[in-house]
Every structure is written in structure tokens, then in C-alpha cells.
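Some structures to go through are shown next.
In what follows, chain A forms one complex with chain B and a second complex with chain C.
Now for the complex of A and B:
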């Protein structure tokens, strides 16, 4: 379980995240919605220790993000997929995927390779294993990014707007991969602007507004008039997104 | 080697180590090479430290070139996309792994060209060592010139030799650069 309690994060005098509480159970899929600049990326970064925070507690399966050696353990089973892919440009697709399993998990090279090839097959990129990231399309790179995260056999997957730097058709291919994953046992916490997709795969949806988590409801209720939509900020956000 | 370790210390070390390495870089980058040699060769003996011309040459060249290389490699490290490093951190890689598997390999690819011109420079600079009776290329040429009484021919040949040598190095480095960066076009 990812458990965030009373998380407060500042940049200088600006309060970016204000007293946030959220839990993600094992196997659950939770989406976070919110306007640009509301603090969603910062929130995910706090969870895997890429940002530190002033107040509150974050634990993953009972391990504290704020303790160095516990954070190291968390990172072995809580992986991230990034908006701009962030693949290692000097390594092949296969090496990108096997690097962390081999060096961090100390998985034998052969088994890491086999696992990577299996993952690549699942996302339809088998023949690209020897290529370098720069020679792939954005959608293909992001699918490699997903494989790299899955190669750790994570219990939790953090996804930060993983399709927002992609064309619509590439977005489709990446979302298909994620939807396919959603049936597995990996919990996902995803920040997204793809409302339709969030609605389809999430069990819960949380809405952040100016650093405050204002709504956190099961998906069905989130989109009901009496539930999420009764909050003016959510309603305004959703109607704005639909207009795009 | 010296440049590499100093750059590493600067970027990965604690504040004190990083400051010392920065101080080294700034100090020796701002001293004319010939002054450095004279100091090692003529200055140090006053303190009772005697070193042979050859060792002075090696030492002075390493120290000076090291200082420049420090700057080059550090710039290469600083240029690496921070998000790529974040990704590696998020997967639990240790600092050592991040430097050895991600930062340095990428930084060396961008630094190879300036490092190459540094190397070419090193060869040219080594001619200054003839002033302390070290018989490298220029020193030997000087001797031959005075033996044969044909300074014009000898020095033309010498110039040609330096020129071809550094030019060959430049070509080699460009080849290496293209090879290493072919994969990262973007």
C-alpha cells in the first residue's frame, strides 16, 4: 500500500502540495487529475523520493520514503514511467530494459534478457531490441519506457502523463499497452489528462487543485452529479477538458 | 586521467573535495605552461626538490592538461539531461552505477572532441619542454640543426611533422566522435 499522510511540499515560499492524504492499495488503479501546475508531477516525485518534502509521511508497503535505506528498497518495487520517456540514449532498447534488473536487483543477465524480450513482445517491439532510443518513434520509446519499468516486476507503477508528448495515434498504442497491464496485479498511480482513459481503467480518481487534494472518489461516483461533479472545481476542469 | 578524476571529485564529491578540485582546475588553467615548467625545473630545486627534465615534463604536462580536461569533462557531465539521471535514480541505481553506466558514458561522448583538441594541444605544448633540455621532438631537432648547419630544412621538416601529427589526431578524433554519437542522433 502506498500511504501518503499530511504531505506538504514547498518550493521556497510557495506551497506546492498542501496537506495531502491518499492511499493506493495493492493492485488498485488510481488516477490523479488536475490542471497544469496543480502539483501532480511533484506529488509523484515525492513518492519515489525524487523530491523531498517538508511535512507529512509517505510509506510504501510500510517502508518510509524519508529513510535512505528504506527508500532504496522502495525503488526496487515501485517504478516510474516518465512523460518524456527519459530512456538512456547511449544504450540499446534491450540494455535500457535490463540495466536496473541486472545492477539493482542483481538478476542474472540471461534471465533479465529473457524477461525483457518477453516484455518487448508484449508491446509489439521484439524486432527493436537492438536499436537505440533515438531511432524509435515517440510511441515506441514510451512503450520501451513501460517495459523498462515493468522489468523490475514492480508492485507499484507511477505514471506521469505518459502520453502527453505523443501524437493521438501513438497515444492510442501506449494506452492499449497500459489497459492490458491494468488487468494484472501491479498497482498504478497515474497522472493523466486522458479523462476517458482514466474513467475506463481506474477504480478511483483523485483531483488536485492548487496543491490541495479536493476530491478522492471511486470512479463512478467521481463522474456522478451528486459526487465529484458537485464540486465546482472538478466540474469546471472536466468541461474545459471536454472542450479540447 | 587526472582530469577525469578531478571532474568526478568535483561533481560527485562533498563540498570540501569539490572545492579543492575546483581550486586545482582554476589554479593551473590560469598559469602559462612555460612558467609552470620553469617553476618545477628551476624553482623547486631551491626548496631541495630536484626532478629530472623528463619527469618535470611529464608532471607539468599532466598537471596542466589535467586541469583543462577537468573543465571539459565536468561540462560534459553537466550537460547530461537531468531527467535521464532522475530516471536512473528512480530505478534505485547507486551513485557509483549512475556515474559509471549513465553519466560518464554520455559525458565522454560529448567531450571527446574537446578532449581530442586538448590532446593535440598537448603534443604542441610538449615542444616547450625543449627549453629545459628535454630532448623531445623540438629539442632533438634543435640538436640536429646545430649538427648539420641546416636549420631551415630541419625546422620545416619539424613543422610538417607536428602539423601532420596533430592533423591525424584531429581526423581520428572526429571519426571517434561520429562513431560514438551515431547512436544518439536526436
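Now for the complex of A and C:
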């Protein structure tokens, strides 16, 4: 279980995240919506210690993000897929995927390779295993990014606007892969602008507005007039997104 | 001579890059070596070390020591700036998967920084090759000294000096060639061609 309690993050006098509470159970899929600059990406980065925070507590399966040793452990089962892929350009697709399992989990090379090839097959990229990231399209790179995260056999997957640097036509291929994963054991916490997609796969939706978690409801209720839409900020955000 | 430079060059990344992480003491030393004339450093080492440490220094050793430290100081700066040129976001990704700092240096930063550093290192190496002509002043026989001796014996400066010049030229070319070869080997991913499947 990911448990965030009273999380507050500041940059100088700016309060980026204000007293946020959220839990994600094992196997659950939770989407975080919110306008650009609302702090949702920063929130995600706090969960696996890529950002520091001033106040509050974050624990993943009972381990504290703020303790160095425990954070290292958390990172072995809580993987991130990044908005801008962040693949290692000097390594092949296969090496990108197997690096962390081999170095961090000490998985034998052969088994790491077999697992990577299995994942690549699942996302339809088997024939690209020997290529370098720069020779792939954005959508393909992001699918490799997903494989790299899955290669750790994570219990939790953090997805940071994984489609927002992709063309619309490539967005589909990445979302398809994620929808396919959603039926599995892995819990997902996703920050996204794809409202339709969030609605389709999440069990719960949280809405962040100017650093405050305003609404946290089961998906159905979030989109109901009596539930999430009764909050003016949510309604305004959703209607703005629909206009696009 | 070039062995001295090469070893200084080879030692520099390992030694200096680690010390840099521990503290900024080495950085101060590097500043000294970067900001004073090699000739002054050479005198300081050759005459200073025996005076303060009661050690006999052969001209050969003094020359190697000075040039190595001088080269190390310059390459330190090159390596640090090359490392800083690596995109922060992939390092963040590596961190997020629990890689330790040493592993990130070794697997992510190192190989990419090397590609950036090589052309600059070649520049330094060629420059240091010319600087070796200075060490004849402490009585060590380098290429320039050989030229002087040959010139005095044969009294044919127009044959001797072009030959000496050509020797430097050939050595410098060799360094450039090695640098280019190494750079090419390391930067497979920058050559946009389909690579043989590893699977």
C-alpha cells in the first residue's frame, strides 16, 4: 500500500503541494487529474524519492521514502514511466530494459534477457531489441520505457503523463499497452491528461487543484453530478478539457 | 615521453574523478596546475621536492611527475564538464530504479561523458606533447634535446629541425588518430544505422 499523509512541498515561499493525503492499495488503479502546474507530477516524484518534501510522510508497503535504505528497497518494487521516456541513449533497447534488473535485483543476465524479450513481445517490439532509442519513434520509445519499468516486476507502477509528449496517433498504441496491463496485479498511480482513458481504467480518481487534493472518489462517482462534478473546480476543469 | 603523458591521462580520470567526489581539495591543486606555467611547476618539483622531502629526484621522474599532474589537472576539468553535459533526466530515471551512484557513473554517465571528453582530451594530449620540449631544461633528454645534440654534431640545422618537427607531427597525428578511433568505437548509438540483432 502506498500511503501519503499530510504531504507538503514548498519551493521557497511557493506551496506546491499542500497537506495531501492519499492511499493506493495493492492492485488498485488510481488516476490523478489536474491542470498543468497543479503539482501532480511533483506529487508522483515525491513517492519514489525523486523530489524531497518538507512535511508529512510517505510510505510504500510500510517502508519510509524518507529513509535512505528503505527508499532503495522501495525503488526495487515501485517503478516509474516518465513523460519524456528518459531512456539511456547509449544502450540498446534490450540493455535499457535489463540494466536495472541485472544491476539492482542481481538477476542473472540470461533470465533478465528472456524476461525483457517477453515484455517486448507483449508490446509488439520484439524486432527492435537491438536498436538504439534514437532510432525509434516516440510511441515505440515510450513502450520501451514501460517495458523497462515492468522488467523490475514492480508491485507499483507510477506513470507520469506518459502520453503527453507523443503525437495523437502514437498515444493510442501506448494507452493500449497500459490498458492491457491494467488487468494485472500491478497497482498503478497515473498522472494524466487523458480523461477518457483515466475513466476507462481507473478504479479511483483524485483531482489536484493548486497543490490541494480537492476530490478523491471512485471513478463512477467522480463523473456523477452529485459526486465530483458538484465541485466547481472539477467541473470547470473537465469542461475545459472537453473543449479541446 | 608520450608514455608519461598517457599514464597521466589514464590516471587522471580514475584518481581525480573520485577525489572530486570526496572533497574540493584536489580542485584547489588542479587550479594551481592549470594557472601556472609548466616551466615553473617543473622547477618547483625538480628543485623543491628534494629540498622539502629529502628525496633524490631524477630528471626523468621529475618530468613525469610534473607533466602527469599538469595533464591530470586539465583532464579533471574536462571530465567534470563532460559529465555535467549528460542529460539529467536519464540519471533521474536510473535513480528511480534504485541504481547506486557508482553504478550510474559506470553505466550511464561514464560511457556518454567519455565521448564528449575524447576530442578535448586529444587537444590536451597534443598540447602536452609540445610541452615536453620544456623538460630539456632540467637536463632530461627529450625530442627537442635530441635535435639540439644532432644539430651540434652534424651542423645541418635544415635537415635536423624539420625531422624533429616531423617527429612531433607524427606523434600528434597518432594521438588524434587514436582519439578518433576510440570515439567512434564508443559512439555506436550516434551512428544512425540498423544494428545487428542481439536477440
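Quick note on the criterion: the second predicted complex is superposed on the first by the 244 of 244 C-alpha atoms of A that agree within 3 Å, B and C clash if a C-alpha of one lies under 4 Å from a C-alpha of the other, contacts with A are read in each partner's own complex, and residues count from 1 in each chain.
Going forward, a contact is a pair of C-beta atoms (placed from the backbone, for glycine too) under 8 Å apart; a residue touches a chain by one contact, two chains touch by 3 or more.
Remember, predicted model here, so these are calculated numbers, not experimental data.
Annotation: superposed three-chain arrangement on chain A; chain B versus chain C shows a clash.
When the shared chain is aligned, chain C comes close enough to touch A:94, but chain B does not.
Of the two partner chains, chain C is the only one that A:129 touches; chain B does not reach it. By the touch criterion defined above, A:104 lies against chain B and chain C together after alignment on the C-alpha atoms of chain A. When the two complexes are overlaid on their common chain A, residue A:75 makes contact with chain B and with chain C alike. Contact comparison for chain A: of chain B and chain C, C touches the greater number of residues. In the superposition on chain A, A:117 makes contact with chain C only, while chain B stays out of contact range. When the two structures are aligned on the shared chain, A:238 is found in touch with neither chain B nor chain C. Under the contact criterion defined above, the residues of chain A that touch both chain B in one complex and chain C in the other are 48, 50, 72, 75-76, 79-80, 82, 84, 86-90, 99-100, 103-104, 132-135, 148, 152. For chain A in complex with chain C, the touching residues are 48, 50, 72, 75-76, 79-80, 82, 84, 86-92, 94, 99-100, 103-104, 113, 117, 126-127, 129-135, 148, 152. Chain C contributes residues 87, 89-90, 92-99, 103, 107-108, 111-112, 115, 187-190, 192, 194-199 to its touches with chain A in the complex.
Residues of chain B touching chain A in their complex: 81, 83-84, 86-93, 97, 101-102, 105-106, 109, 183-186. Chain A contributes residues 48-50, 72, 75-76, 79-80, 82, 84, 86-90, 99-100, 103-104, 132-135, 148, 152 to its touches with chain B in the complex.
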